[in-house]
Amino acid sequence: MSSVEPNVGLARDEMAQRVAADIPDGAYVNLGIGIPELITKFVPEGREFIYHTENGLLGMGPSPEEGQGEPELINAGKRQVTALPGAAYFHHADSFAMIRGGHIDLCVLGALQVSEGGDLANWSTGAPDAIPAVGGAMDLVAGVKLVYVITQHCTKKGEPKLIESCTYPLTGTGVVNRIYTDLAVIDVTPEGFQVFELSPGVDFDYVQERTGAKLLDRSHSTDS
Amino acid sequence: MIDKTVESLTVAVGGITDGATVMVGGFGEAGSPIELIHALIDHGAQGLTVINNNTGSGEVGLAALIKAGCVAKMICSYPRSMNSTVFPDLYRSGKIELELVPQGTLAERIRAGGAGIPGFYTPASVGTPLAQGKEQRTFDGTDYVLEHGLRADFALIKGKCADRYGNVVYNKTARNFSPLMATAAGTTVVQVAEIVPAGDMDPEVVITPGIFVQRIVLVPNPAHESDLVRKGVSYP
Amino acid sequence: MSSVEPNVGLARDEMAQRVAADIPDGAYVNLGIGIPELITKFVPEGREFIYHTENGLLGMGPSPEEGQGEPELINAGKRQVTALPGAAYFHHADSFAMIRGGHIDLCVLGALQVSEGGDLANWSTGAPDAIPAVGGAMDLVAGVKLVYVITQHCTKKGEPKLIESCTYPLTGTGVVNRIYTDLAVIDVTPEGFQVFELSPGVDFDYVQERTGAKLLDRSHSTDS
Amino acid sequence: MIDKTVESLTVAVGGITDGATVMVGGFGEAGSPIELIHALIDHGAQGLTVINNNTGSGEVGLAALIKAGCVAKMICSYPRSMNSTVFPDLYRSGKIELELVPQGTLAERIRAGGAGIPGFYTPASVGTPLAQGKEQRTFDGTDYVLEHGLRADFALIKGKCADRYGNVVYNKTARNFSPLMATAAGTTVVQVAEIVPAGDMDPEVVITPGIFVQRIVLVPNPAHESDLVRKGVSYP
C-alpha cells in the first residue's frame, strides 16, 4: 500500500476545522485525547458548543494563559483547561451518566482502525508488551449519540486505517458514524464506507487506493 | 446563543401528547411544579402515565391533574395522602392504574434510566408481594430482585434558580426526585423562581447541569400546595 | 386474647425515651412516620444523634417554631422540620444509597405485625379496599444495619402484634432486630422472641399472654 | 460531640492491614491525596489492592506506593502515564496484577458498591476483549454486560474543605472519583486543606455528606504531583 504523499489532503488543523463545521449550534460535545482536542480552536461564526470532559466538567474552555493554570482544573487528557461561564463540575458517576445515558450529542475520537461495519479500535494494538489502557473510550462509543472519528487516513507506515475488519482489539462494534481524515469525509453506512466529501485536490481513486475496504461514492448510494 | 428559557408555561408544556409518560418532580408539596402541572391540565393531554412519589393533595397540582382525568396510570411509592380522596376514589372504582414501587427503587430506577443502565439488582422488596413476578438472583448469599431503568417523554420539575444553559439549583428538601427525573426524560422542563445571567452560578454548586434540561420557564412566585389546599382551591 | 389494661406499661413518650436510651452517640438514625418521630424529643445526656430523613436531608432538627416553617423543608412524613448545623441536602438516589448501602446505623419503624423470625409487616393490611402505599419501608429494612420496631404490644382490639407468622403482606423477611413495646423490650433471636427487659410493673407471664408466639426469657437464653 | 478529625496523617491511615483493598481518589494529579499516600507508604501495609483511575506519575504519590512494592493489584482504567515507568516496569515483569475496567464502568461499580447494588448492566465493552468472561444480556434489543459493585476496606481521598461531621466539598475537577469512593469504603479518610466550624458549610453545597466519612485530617498546603515530578522528587 502506497503512503500518503506530503502536501496532499488536509493538515491536522484543517481536519479539525472541517469537523467543527459539522457540529450544530448548542451541541454537547466530548473530544478524545490528541487530534480531537484541536477542534476546540474552531467555532464557526454564530455557534456555541458546550464541551464535556469526562473527568467532571461541562462547559470546558480553552487552555489557560501561561502560568494561569490550576493543577486541579484539567481535562480527560490531564491537560490544564478553563471553565466557561455556565460551567458545572460533577463526579465521575454523574459524568458517565451523561455519556452512557445518551445525553452527549457527539464525540470525536482518534482511531487506530475503523472497519466498514463501524467497529472502532483505538485503545490497544494488542502488542504483547503494551500496557493496556482504555480510559473512557468504551463508554463513549456505547453511549454518545453520534461517534465521529478524526484520523490520518493511513498510518505513518502508509497502511490503511479504514479496513474491512479490525485486527486490533475493539473499542466497540458498529459504533462509528463518520470519519474525518486528511483525504476525505467518509460515512459508515449499512452498505459500508461511503465517501461524503473529498479533500481539495484529492480524487476518489486516490482515496480508494489508500483504503482497505471498498468505498462507495456518494453518488452510488444516491443511484441505488 | 444557547438560551433554553421559554416565554410561557403554555410553551413549556407544549408537545406533550396523549399517552405520554411524564415524570413530575416533588415529594409531597416540596418541589411540586404546581404551575407546570396546571399548564398541563390546560394543555389537555389524556391517557398519561405519571411518575411521582405520591398522588397529590387537595384538588390542586398533581391531584387536580388526576381529577381532570388526564392520568391513566400512576407509578409511585406512596399514593395516600391525608388531604386527598382524588386518587383513592378513582383507584377503587378501577379508573386509574397503579404501579407501586418502593421509594428507593423508584429513585434508583429513574437514575438508571437517565444513566443508560437498563437493569440493576436491589434487595428491597425481596420476600414481599412487590417482588412477585420479578426475577430474583443471589449475590454473595443475599437475594436481590432485578429492577429496570425508567424513562419518560417529559419531566416537569421545579427548581429555585437557573441560567440560560439550563443549570439548576434547588431549595432544601424540594430537591428530592427532580435532579434524577431531569436526567431520565426526553424533554425536561423546569420552572424556576429566578433566572440568573450565565456565569453567576458557581459551577461547584450546580445540582442539575444544563445538559439535562431542555426548557426553563420563569415562575417568580410559585404557589405552595398546602396554602392552596388550606384555602380550598380547586383547579381549574 | 385479652386486651392490654390502661395504665399498665409505658406511655408512648416513655417508649420513645426507652428507644433513645439505646441509641449510641454519633449514630445515623432514620425514624419512621408516627410513634418513631417521638424519639427526636429524647437525646440522652452527652450524646449526639444525626437524623436522616429519606426525602433528602441528613442533620434533621426538630419541628420549627409556629409560623417559622418552610413548605420545602419537610421530613418523610411531610411535616415541616429544621436543618441543624452540619446538615446536608441531597437527592433521592443519594438518600437511598445511604439506606441501601448500609450507611444508616439504625432505623426505628412502626409495625402492624412482627413475626418471631423477624419478618415485618407495616405497610398494608391487605384489605381489598385499601390503597397500597409502601414508601421507603422496604428499602429501609433491606439496607439499614439495625432495624428496631416501636409499637404498642397489641392492637387497639387487643390482638397480639408479635406473632409466629405474619398474616399481613410483608415489608421484609428476617429484618427486625429488636422490638420496643409498652410492655417490654424484646429481641428477635435465632431462637425466636426473647424478652430483654420488662416494663416497670409488668411481669413475664403478662407479656406472654399478650404475645402470639412463645417468648424466651432472657435468663433462658443465658442458661442454654 | 461528634468530631471526626484526627490529629495526624499517621493516625489517619492507621488500621490499613496487609492485603487490604484501598480506593485512592484522584484523576491524574487532580484530587490525588499525596500526603495520605505517603503516610500509607510509611505505614508499610503490603499486598494491597488499589483502585484508582490511573497508576500515578513520577515517583511520588500513587507511583511511589507502587514502587515501594506495597501494591499487589491495580484496578484501573488507564494505567499509562507520560511521566512514569513504575507501573509499566512492574507489570511487564509480572510483579503486579492489573484489572482493566472502562472508566465509566469503574465509576459506576464504585457507586453501586456504595449504594448497596451488587450488580448492574452496562453497554460499555460489549463486543470487546474487556467483555470476555462477563455475563451478557439483551434488553430491548441491545446487548449489555453484567458488572458488579466494588467496595474497599479504606478510601483515601482529598477534599478542599470539611467540618467535624465529615461533610466535604471538593475543588473543581479534583472531585472526580472521590465522592463515589467515600460511599464505598468501610473507612473513608479525607485530607482537606481547611476545616470549618459546623454550620459554616451551606447544606445545599455539601458534596459528600458526613455519613460517608470516618476520618478527617488537616493538610493545609497539599503538594501538587506535577510540581514534585518536575522537581524530580522521589518518595520516600
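Letters A, B, C and D name the chains as they come in the text, with residue numbers starting at 1 for each one.
The criterion applied here is as follows: a residue touches a chain if its C-beta (ideal position, glycine included) is under 8 Å from a C-beta of that chain, and two chains touch if they have at least 3 such contacts.
Fair warning: this is a prediction, and the values are worked out from it, not measured in the lab.
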Among all the other chains, which ones are in touch with both chain C and chain D?
B
Just the number, please: Cα centre separation of chain B and chain C in whole Å.
29
Rounded to the nearest Å, the gap between Cα centres of chain A and chain C is 56
Per the centroid of Cα atoms for each chain, what is the distance between chain B and chain D, given in Å?
34
Multi-chain contacts only, two chains or more: what residues does chain D have there?
108, 111, 115-117, 122-123, 170, 172, 203-204
Would you give the residues of chain C that are in contact with at least 2 other chains, written as numbers and ranges?
57, 83, 89-90, 93, 96, 99-100, 142-143
So which chains end up touching which?
A-B, A-D, B-C, B-D, C-D
As the complex stands, chain D meets chain C at residues 1-2, 111, 113-117, 163-165, 167, 183-184, 198-199, 201, 203-204, 206, 209-212
In their complex, what parts of chain D are in touch with chain A?
27-31, 53, 77-80, 87-88, 91-92, 98, 100, 102-108, 110-111, 122-130, 170-180, 207, 224-227
Residue numbers on chain C that touch chain B, as the complex places them:
53-57, 70-75, 78, 83, 89-93, 95-96, 99-100, 119, 129, 131-139, 142-143, 169-173
Which bits of chain A are touching chain B when the two form their complex?
25-26, 28, 48, 50, 52, 57-59, 83, 85-90, 93-94, 96-104, 142-143
Which bits of chain D are touching chain B when the two form their complex?
108, 112, 115-123, 137, 139-140, 142, 144, 148, 169-170, 172, 203-205
